[in-house]
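Written below as structure tokens is the structure these notes are about.
Chain naming follows the written order as A, B, C, D, E and F, and within any one chain the residues start at number 1.
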Amino acid sequence: MLHTINKSPFETSTFASCLGHAAAGDAVLLIEDGVYAAIADTEPGKQIKAKNGTVSFYVLGPDVAARGLTNGSLAEGIQVVDYAGFVDLVAEHEVAQAWL
Amino acid sequence: MEEPDVSQPGVTKKFMYVNRRAPYGTVYALESLEVVLIGAAFDQDVSLAFLDDGVFQIVKGQDTAGIGMKNFSPTYRALGDYEVTKLYVEKESLETRGLSEDDLLEITYEDEDDDWAEKPSIHVVKRDEMTQLMAQQDVILSF
Amino acid sequence: MEQLVKFSVVVNEGPYTHQASDSAYQFTKAALEKGHEIYRVFFYHDGVNNGTRLTVPPQDERNIQVNWTELAEQHELDLVVCVAAAQRRGVLDKSEADRLGKDADNIAPGFRISGLGQLIDAGIASDRLVTFGD
Amino acid sequence: MEQLVKFSVVVNEGPYTHQASDSAYQFTKAALEKGHEIYRVFFYHDGVNNGTRLTVPPQDERNIQVNWTELAEQHELDLVVCVAAAQRRGVLDKSEADRLGKDADNIAPGFRISGLGQLIDAGIASDRLVTFGD
Amino acid sequence: MLHTINKSPFETSTFASCLGHAAAGDAVLLIEDGVYAAIADTEPGKQIKAKNGTVSFYVLGPDVAARGLTNGSLAEGIQVVDYAGFVDLVAEHEVAQAWL
Amino acid sequence: MEEPDVSQPGVTKKFMYVNRRAPYGTVYALESLEVVLIGAAFDQDVSLAFLDDGVFQIVKGQDTAGIGMKNFSPTYRALGDYEVTKLYVEKESLETRGLSEDDLLEITYEDEDDDWAEKPSIHVVKRDEMTQLMAQQDVILSF
């Protein structure tokens, strides 16, 4: 399963709920304000680092750049994709679940 | 107006409606329920998940007279008539919100395979069971 | 070779206020560029507000409705606006307006109004359903 | 005796999707019933979508636009829709539609379109500004 | 100052942020989905109980009833008001701040 | 089109714009900034507060080319030209988000009372200072 998260982890509980329901082998893609979860050395960034490997983490590059974050500032192990990569991720996983 | 337009009559997919929002503050709960009712005509394998603030949707005793909005909670009790009989409610979400199963609407259905016995539609499940249920779906609709 | 997939896309928020419609547009465009099929784009909740031709965004801003309309023209996309959600929010085509006794309509070119069954049908008929919302 | 106060109310979300407009309506009605003055109701962001006359909610549901229009008629309320926000989202009156080359308008009776300055003016001229949003 | 909160404390950080910025003598009114913060024996309910006295807490009755909560299930010390009471609260405080 | 319509020319109120949301994901930041620009014509005592996710609005290096939206962050740097010179940023909000003042836009103004010296508009303040600032206002606009 591919989970998408579009909410800031500092503003809503969406990120926490998604991580609580992501099974081993699932992928999580952060988009829109969801990309803020990827900032290294924050609480959500640490949770990503801790869960990385069990779950694969991706972040949408165009949303990262729009928000002034650099790829170097992201938590270790997160892979940056563009919209074409987003399409690939949906295609590769049988089901996409949007955490809104 | 809303004719079921089943383009692929042979296909049965597992549809899960994921409800994570409270009613009334936003319209998502109501309009999600409208999808469930229309979707019931399509003969798919349907279940509803209530987690996070979604559990508030099926709290009993809702009375909306004072806010001028329609109380749509009785419609959940009618879901059995639409053959929507699997409502999974997350235990952890209830507990965090100070709720127990006693605070929820009584939602039942008549089991045609068991001499129309009346059975509960609501199943309180733990988070890891919810995760497993989600993993079994073909289509997940979240609003 | 990559496998081609049949997608449907759900848009649950209106233009400008939330990024959902923009993200859905970029996703749809990227999927088409990779040769995938878009079976349907379904607009629900406030998403129906993407389908009004009366929007006039500032000149230095993207025109979300026009983006969708042009993409639909180029790729024969099926852009469906949910009738129930649209009536609540004031998005009507000519025949709905006539039927409901309204003196104007506002549906944009390339969009059509239809029932929620079109969403369920998209779920059944597509390989993947992707939802964008708030 | 209670002191009478001059209120202005800001509505930042459209009808139905969020409760903001309903809450603002109930608040405004209650304030008027207590004899207070409502200097202005200002509709911003998606709030401008409250001002379209094309909405047709189901018959067993409240009609939010009509509620506002009737309250405005009864109490001579000044319902102002922000022009910039309205243009982005497709809410136009006849003169805006003509000026912008649009073939239809959709503003509801009792609402008028004006600039953001009307919001600042409300903040200056009112004793209290109350905001409803998402 | 009167603070209004219209978000569920279980979904967004609005409640926490508002409480973090409420000064002694301020009033907090819970409306719409914000009323869920008033449920006794929950984390937000306990925070209200702890801060009650320093800050006055109110909840909008019509929103409580709509959501199936009873006044008896609310955290101790919260006062229930109707829309007319909401108007009074705004009138009585010099400034109203909406936490959205 | 947007003529300042100052109905009470003698009145000066303390206006605070409270920014608690990130840019781009929603339009509130942009449309709030539009109010600030229009409001500048009214000669009120204006300040802006950035707290919670609002601090993301003034992060430097924003590049929106990839998402097809307009980058409006340069407008914050022009606020000094509109005599909007008090931008309060909450320290705790920055820290929670892994940010420091170095990550923010450089926003300055020329002080006409001090021989047009260039001075910083941004003031990083602690939460209790922010609370005090809020308490001093006559009108608080939050979007």
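By definition in this document, a contact is a pair of C-beta atoms (placed from the backbone, for glycine too) under 8 Å apart; a residue touches a chain by one contact, two chains touch by 3 or more.
These numbers were taken from a predicted model, which means no experiment stands behind them.
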Partner chains shared by chain B and chain E (touch criterion as defined above): A, D
Copies chain C and chain D touch via same or different residues, half shared test: same
Furthest chain, CA centroid comparison against chain F: B
Pair of chains joined by more contacts [C-beta pairs], A-F or A-B: A-F
From chain E, the most remote chain by mean C-alpha position: C
Between chain D and chain F, centroid-to-centroid distance (C-alpha), Å: 26
Distance from the mean Cα position of chain D to that of chain C, given in whole angstrom: 27
Geometric centre distance via CA averages, chain E-chain A, whole Å: 33
Where chain D touches two or more other chains at once, by residue number: 12, 16-17, 19, 23, 26, 45, 61, 84, 129, 131, 133-134
Sites on chain E at which at least two other chains make contact: 6, 10-11, 13, 32-33, 62, 82, 95-96, 98, 100
Where chain F touches two or more other chains, by residue: 24-27, 52, 67, 69, 139-140, 142-143
Listing of all chain pairs that touch each other, if any do: A-B, A-C, A-E, A-F, B-C, B-D, B-E, C-D, C-F, D-E, D-F, E-F
Contacting residues of chain F [partner chain E, same complex]: 18, 20, 51-52, 127, 130-132, 134-135, 137-140, 142-143
For the chain A and chain F complex, residues of the former touching the latter: 6-8, 10-11, 32-33, 36, 39-43, 45, 61-63, 65-70, 73, 82
Residues of chain C touching chain F in the complex: 16-19, 22-23, 25-26, 60-62, 134
Residues on chain A engaged by chain B in the complex (per definition of touch): 1, 13, 17, 20-23, 94-100
Chain F residues touching chain C - in the complex, by the definition given at the top: 24-27, 67-70
